[in-house]
Amino acid sequence: MNAATTHWILTLVCRDQPGIVHAISGAVVEAAGNITESQQFSSNDTGTFFMRLQVESGIDRAGFEAALAPVTDRYGMTWELDVVGRPLRTLVLVSKAGHCLNDLLYRQRAGQLSVDLPLVMSNHPELRGLAEFYGVPFEQHAVTTPGQKLAFEDRVLEVVEQHDIELVVLARYMQILSPELCEALSGRVINIHHSFLPGFKGANPYKQAHARGVKLIGATAHFVTSDLDEGPIIEQNVVRVDHSRSPGELVAIGQDEESRTLTQAVKWFAEHRVLLDSARTIIFK
Amino acid sequence: MNAATTHWILTLVCRDQPGIVHAISGAVVEAAGNITESQQFSSNDTGTFFMRLQVESGIDRAGFEAALAPVTDRYGMTWELDVVGRPLRTLVLVSKAGHCLNDLLYRQRAGQLSVDLPLVMSNHPELRGLAEFYGVPFEQHAVTTPGQKLAFEDRVLEVVEQHDIELVVLARYMQILSPELCEALSGRVINIHHSFLPGFKGANPYKQAHARGVKLIGATAHFVTSDLDEGPIIEQNVVRVDHSRSPGELVAIGQDEESRTLTQAVKWFAEHRVLLDSARTIIFK
Amino acid sequence: MNAATTHWILTLVCRDQPGIVHAISGAVVEAAGNITESQQFSSNDTGTFFMRLQVESGIDRAGFEAALAPVTDRYGMTWELDVVGRPLRTLVLVSKAGHCLNDLLYRQRAGQLSVDLPLVMSNHPELRGLAEFYGVPFEQHAVTTPGQKLAFEDRVLEVVEQHDIELVVLARYMQILSPELCEALSGRVINIHHSFLPGFKGANPYKQAHARGVKLIGATAHFVTSDLDEGPIIEQNVVRVDHSRSPGELVAIGQDEESRTLTQAVKWFAEHRVLLDSARTIIFK
Amino acid sequence: MNAATTHWILTLVCRDQPGIVHAISGAVVEAAGNITESQQFSSNDTGTFFMRLQVESGIDRAGFEAALAPVTDRYGMTWELDVVGRPLRTLVLVSKAGHCLNDLLYRQRAGQLSVDLPLVMSNHPELRGLAEFYGVPFEQHAVTTPGQKLAFEDRVLEVVEQHDIELVVLARYMQILSPELCEALSGRVINIHHSFLPGFKGANPYKQAHARGVKLIGATAHFVTSDLDEGPIIEQNVVRVDHSRSPGELVAIGQDEESRTLTQAVKWFAEHRVLLDSARTIIFK
């Protein structure tokens, strides 16, 4: 392929019906494109069709969009067109625990995670050094009063607008977002949450897990909705533990699962592999 | 070792305090025994000491017990002495689903699970052929009225007494045991339960798991208490699933986890590897 | 969908080039079909395009083939059209160990594995009872001389022809197939092989694995080629072990991995999810 | 426990024989100690007995050693006495790839890995910034000629002596150690190596793994012996991959397994949980 070739990602969502693949592949032919990766899913639950394509083509964005328009119009598609590898503009929120932030920063630098990190925001000062070692600005504001919380969230929205942020990552940010912020950023906020079999509600779940003698602990990365910890699940992992582990050790083990689970979820999101089907995610991995 | 050597399992539970290991290993020396496997655990939660030993010795049971008596008396120990590989007298209760029963029967015959199965009891006729292929008597009674349920449970207790049953396995027995039966067989009934991250309550959990798009499904083997599905956990496993799985496929995948998790729990119990520390299990695997 | 709707599986292999998806989806539209599952892969190694579709349509086979013909001709495609859930005609070869055969039979009966098993062949008598419990004829011939081996393999080919066998499964059949038989059944024979990290050559690999203290043991299901144990890999699994395991226990643990790995490979093959790209398999799972 | 209580680790190796546990637990009683963790293993292969104890006691080192001496003398034991949590003096050798070093440094700072890192040595300059961010001195010497290699290894031995180094970690150090250095540091050098099922020899194993279509890739942490990559295995992990992964992606996935596997092995070694039984490791985890 020549130097002008672009590697495109195209995602599509519409009502399921016959002929979609033929129509969309026709638009790709029209755009002189070659499909290099393709995944689709028809949801029986909602009657919705989902598709993700990677397409190599020498065409520019305007040309590709022109080729797609008749099809996306005809089928009433929600669609997105992006370039493979474009760094996703991402805002990270943290508190004191650095395990998730460290993993995100290390992998971003190692070239394994295509995100652009204009800022890390925190309600505590502890992680400034880590962020700055990786050259990422760090902004800290106390969040101990309702007024401070409101101000912090206003600042988040300001940063989102100023940097055209596409994803907000709660990397162990230990504050509950207001319903208004959840609503404003719906589908663009990923949180990481410890997870147990069976689940435990209330304070200090690791202590409860210990008391019950659970044999598996893990983590769930999910979209944030105003329904706390109940948003659509993106990824989950578990690891085996035994009776000899103290509550403190369970925390350390759980943190490893949190890091890798959150990073995985961010990576898939950045690659447009995460689509929403009502309360479920479709993951085109 | 000569022909008369026996391979003993000794389990001990007592209040934690210094000197226990020295005392008990002294009794083993007294019994001319050689410790071939040893595990211990001191619970910080309850201040209890747990130990499991395997000992090779030419001594007979009376001799071994005599050597142990001064130590078990002095420390107020709860203890059990058994012979490695002795088949555990086990009663299996089933309903219609055969996956767990098949796994238990196959492994018992393959020599991988040391249990003696004098009877399979069921509230449905479907699994008679499977049980009888493996030469295990099968007894079926309808359980559709409260009176029938009472009669079934009375028959269970009768079988437990008649065959000196040491373990009752609920291998997808789809009836809730009465609190009275739970109490009567406390610490001797193992159940298998599907498990999800996060947990789901109520009817048709696989359907709920599907709706929420869970990425891991699994199974938990636990002791039965009158607190439904909340008894001490013995073993847990999970397997990864994705959005393309139908609720029916989730059921099939979950059944595999149920079989292997239940069989594992039964095996550990039969080998005296499962001890209770309040609501937690200590697993000496 | 009405009663006459069929759920088709279509697999395609051809030289990679632009326009294939558009052409094939056009043929599906022509056949009044709806694509319910679609996976594709372009191999950079061999320049080959692979596709697997599931299509719902009211059309009959002749009609579907007529709609496909212009496309498959134009692109020089190798293709197959089958009906979802049609049982694959499968011949199983065994020796003495029953763990793999038991798993195949149990899952076939449980409706989790869509195979038709007209015969089990063995060079030993031990597994007759198991096969016959599941109602599968069992044929045993000693294979201790070169002449007997030749006769056995001739009989295999005869059975393959007589029953129009599509897959031969070596479910712990402990004889090496002749190069001639491998050639005659190329791409239609699946074997299961224990696997270790690192690999061990020669006799008694479990003993070698034990001596080296490996921490993971597993199994590999692969196509049989005349290059012994080096055919394309279909599926692999491992499980964790530790220093306390005897060589005998490693064997038992390894057998579990063998069963589930082999059954998985057979299931994917029966669903036309396994395609060959030179020495690699493409698995559309 | 009062302020003067110490938490000791005691490891013992001797010829297996009756009475060892009783004798050693007697010495613990003598030292007014309480056993909080205990693991033992009798190797049938070599007739060797291995034990690891954690003991709480108010006694000082000299007192504990005096209490142990009669027993360790009588049984001809090799033994070590250390304090729980004492940082292990560790020298890390690296080349260009930073994934293993990053994981070691991050976990050391996070308090999850009890090591003292006086120096990182490398034959390349790339990782200086990472080491120095964590406050660890970094020393770089080119190793492109036999003379430079000799000088590098002499410097390693000098550092080992100067800092009383207890463990040398090859964190993707891409040079083969000379047999003389392997010998001089026998049992004190841990390496990390990618691993595949089946194994691949020779250059570019990821490319070979890709060509064969392996479904699992992983890593093995092992002691370095002069027999390259064949030293006793400490830990192994694998992760699942599929046909769509490029050789480059296999490398990235493999690196994650390398990091976590190496860090785990270092952690166990630092906690005196790794003992050698001929070519096997006993891991008391």
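Labels for the chains are A, B, C and D, by order of writing; each one numbers its residues from 1.
The rule is simple: a residue touches a chain if its C-beta (ideal position, glycine included) is under 8 Å from a C-beta of that chain, and two chains touch if they have at least 3 such contacts.
Chains and their UniProt names: A, B, C, D = Formyltetrahydrofolate deformylase.
Worth saying up front: this structure is predicted, and the values here are computed from it rather than measured.
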{"item": "A-C or A-D, whichever has more C-beta pairs in contact", "value": "A-C"}
{"item": "Most distant chain from chain D, judged by the mean position of its C-alpha atoms", "value": "C"}
{"item": "Inter-centroid spacing, chain B versus chain A (mean Cα positions, whole Å)", "value": "41"}
{"item": "Cα-centroid distance, chain A relative to chain D, in whole angstrom", "value": "36"}
{"item": "Where chain C touches two or more other chains at once, by residue number", "value": "37, 244"}
{"item": "List of chain A residues in touch with chain B within their complex", "value": "41, 44-45, 195-199, 210-216, 218, 220, 229, 232-238, 242-244, 246, 277-283"}
{"item": "Touching residues on chain C, where the partner in the complex is chain A", "value": "17-19, 21-22, 25-26, 28-29, 32-40, 42"}
{"item": "Residues of chain D touching chain A in the complex", "value": "37, 98-99, 102, 106, 110, 112, 133, 244, 252, 256, 260"}
